[in-house]
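Encoded as structure tokens, the structure appears first; notes follow it.
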């Protein structure tokens, strides 16, 4: 009796090998799941969190940052990858200077003439951990993530950008992206 | 291969020499790792072998040590969250939660209910991803090349889902003190709903492909038996201890968040061997799916971040707090001490893999090399978490 | 817990609020009674969660967290090791898993665990193992009573005042029970 | 004898070229099949469907610097890959592709194949030993134990067939079988076929019996330290060995070149390809067995079964002879 049981067990054990072959055989004949990436775009880059960018729209100009140079982002950043350089007030013309002096003499409050938008917004992508702390702490909503997945460089310096310049440059028609055929399907 | 069997050759490093001091005559000292295909990163195990048999083994750590605990001393509490995604790349959200939970406990911050559900859902999805990664990698250790590809196929779906709210695919820093960074939108929720039946359909295939396979069974049955008592002395947790028959799960024993409201089981196995741990993890797939399913139904509307959530410049109040969650590998604990200053005074991270790996020297004694690989894999090690 | 540690020379024993601090009991022991306490915890089916040190004015506070597989809660044993010669007996003979935790604590704080069977650097490269990254400079050290939760004092050894809140006025300002505890402790 | 000599020479050249080609094609097939099993395309960039990928790989291997570990034995170290590759060439000589289509017509063709395939062990041992690497040493030890063990059931199962056919000449064995599958030796010797295939996996170090190079345990086993063409030769020899065992299996069990409609060589190549595909499938489906289990399978299962099979076969062969005589 035991011997029969043993024999049945051995056969079923060996049968498990056949079952495994059936699974691989089945998938062998089924369509592939891989997206042939450079030739076909992948479907999941829509939610990708790329490097930071400044949001335009300051002073009604879509290519001027909304940023008010408060420096909250630089303070909040755990990796110290942001440096905000404030714009200096433009040198007042003689008339303005005179008006300013007059106003001061009259005891009026003088307004700081320095524009709010930053001179430079230096961002070191190579240090960034993309945690989003800066975006959450920006009082002006001036920062966001790009969906730019196609970023590569040859040295660390390639990842050190001035976001103000980047925003200004985006005015010019963007260089044609490597033509990626839209994903046919990856949810096969 | 720094150490050699020949006496006239270049001597080994500190650990090899220290280990070789107690070596038997005529035995072979072999360094498995730090670069070795089955040590998942940079674990190194010095083993003393007699032929194929292991007489003694000693794991050598520290190749991926980044001193997260020191980093916590130079960052504010909120700024430290991105670090938690990098401690354990397999189950990053578990660590997110442990740290955020500890800060919340310290400061007495209540988390909105929807945020709790979002945390449970994402954390369980992440656990599934982690178990899938383990499953594939473990079978790769055992010489089956194909399962990891199937596992990654499923894991990819989870990563796509998690990418939507978190923006990243591996090292999430998604939880915030007082909630989570972003709500799960309707599109994301519907994808999770679609994922659950998909995953359920895949599980029988896993069983057919390898779980029932006679070669696999022979490789893991009776290998690496860990008695519950040994587990306890070494402080092992997670699937390792559940595979030894102790139903210990932080989600049930020290309940946190909304887990008490959820109906799920703690799978255990009395086999105590690599097979037991394998079975427990496979059974946890189904339990995680159950949890997610219930959460989707029970999730209320509302905010996902508490009003007035701490800013990066926020100072944690004086005091101490210990918070533990159940990670994919076991009990993740974070112990915080704050002196009310800008940065936390002390942050202690309890990595489950650290305790689980300390078992290895004990368990591997007397096994053969191939079994050692099978045991190492069954502990589910993520080296960055162990080395921190 | 009270019963568990009965008869051991204790400096301080307090019940804590699990919801607030994540532990149910804490005890500060003289180094000599640590091993016996660990033995009793082993007999009571506890396991070591982790071991860590905390650099305070009073010394390195080595904290042992114990948890139980079947009972909720967490027990913290604390031993204070002086700054000039930090040394604590090892419990690796009782809880084998403690060996690595102790070695890690040595790496980070330089606390020596007497009797650890394999006391070599664990996480930090042996060539630079004496840098002790988590030691604080004396100016930035905090006092134990400021940063550690006092809890509801059950026992306070004679002459042990490290956990006593500073001024009675401050104690009164805080919760009633804590004030009572403080009075009891000073008494 | 010059005609025979020229024949062998031409055969050798043809074999050398075809082994190289087979190696390249097999690498491509293996990677393609593995890819499709794992639901990915496999190589597809270089050439149509990635057909030129193995060639690119081969060129890369040729172009690589040859490293030798410090304190390794230089002569043995470089002898080993050559020694693993050269005997394989000889193995191809007696293989009958079609009726009369073989390089060497020897009565003891089978014996020649078995003898020279035994040489492969030596190269693995040398390679592992001379590398001055512990993984290499362990791999070599495994290789020797495994190859020696699996040679026995292989031999016994082959013997059973040659008892039936009454010859050790592969061409004769093939001629003894008919056109249709039910006329093939696999019908009379199914057990021998199974034993042969399992032993062949062990003999060629193919997964699930790829223990000498089990990468999750021994990084790469005996060829851990080989780079460039040193590794390339081992690699090529593995595939060539695979072809040989499959070809022998085809000749012995699957009727060789026999088959309806299509010409003989086509049938032969088809059958060999099918067997090789099966071996590729095994590799990408199963986990690796453990070393002691590997030997257990051999000594506790294959060996006794092969012996029993051989005894039964010889009994029936004798019985058949007797009845024939009595008639």
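In this document, chain identifiers A, B, C and D correspond to the written order of the chains, with residue numbering beginning at 1 in each.
Please note the rule applied: a residue touches a chain if its C-beta (ideal position, glycine included) is under 8 Å from a C-beta of that chain, and two chains touch if they have at least 3 such contacts.
Note that the coordinates shown come from a computational prediction; the quantities given were computed from them, not determined experimentally.
Peer 1: What's the overlap between the neighbours of subunit B and those of subunit C?
Peer 2: none
Peer 1: Tell me which of B-D and A-D has more C-beta pairs in contact.
Peer 2: B-D
Peer 1: So the centre of each chain is just the mean of its C-alpha atoms; given that, what is the distance between subunit A and subunit C in Å?
Peer 2: 45
Peer 1: Using mean CA coordinates as chain centres, what's the gap between subunit A and subunit D in Å?
Peer 2: 54
Peer 1: Taking each chain's centre as the mean position of its Cα atoms, how many Å separate subunit A from subunit B?
Peer 2: Measuring from centre to centre gives 28 Å for this pair.
Peer 1: At least two other chains touched by the same residue of subunit B: list those residues.
Peer 2: 146, 150, 153, 209-210, 213, 215
Peer 1: Among the residues of subunit D, pick out those that touch two or more other chains and give their numbers.
Peer 2: 37-40, 284-286
Peer 1: Hey, what residues on subunit A touch two or more of the other chains?
Peer 2: Answer for subunit A, listing residues that touch two or more other chains: 17, 20, 23-24, 27, 33.
Peer 1: Would you please name all pairs of chains that touch?
Peer 2: A-B, A-D, B-C, B-D
Peer 1: What part of subunit D is in contact with subunit B in the complex they form?
Peer 2: 34, 37-40, 71, 132-135, 138, 141, 207-208, 210, 214-219, 283-293
Peer 1: Touching residues of subunit A toward subunit D in the complex: what are they?
Peer 2: Going by the criterion above, the answer is residues 17, 20-21, 23-25, 27-28, 30-34, 36.
Peer 1: Going by the contact rule at the top, pick out the subunit D residues touching subunit A in the complex.
Peer 2: Those in contact with subunit A are residues 33, 35-41, 44, 281-282, 284-286.
Peer 1: Quick one: which bits of subunit A touch subunit B in the complex? Just the residue numbers, please.
Peer 2: 13-14, 16-17, 19-20, 22-24, 27, 33, 44, 47-49, 75-79, 129-133, 136-137, 145
Peer 1: Hey, which residues of subunit B end up touching subunit A in the complex?
Peer 2: Where subunit B meets subunit A, its residues are 75, 78-83, 85-86, 146, 150, 153, 160, 163-164, 166-168, 171, 173, 176, 181, 205, 208-210, 212-215, 217, 311-313.
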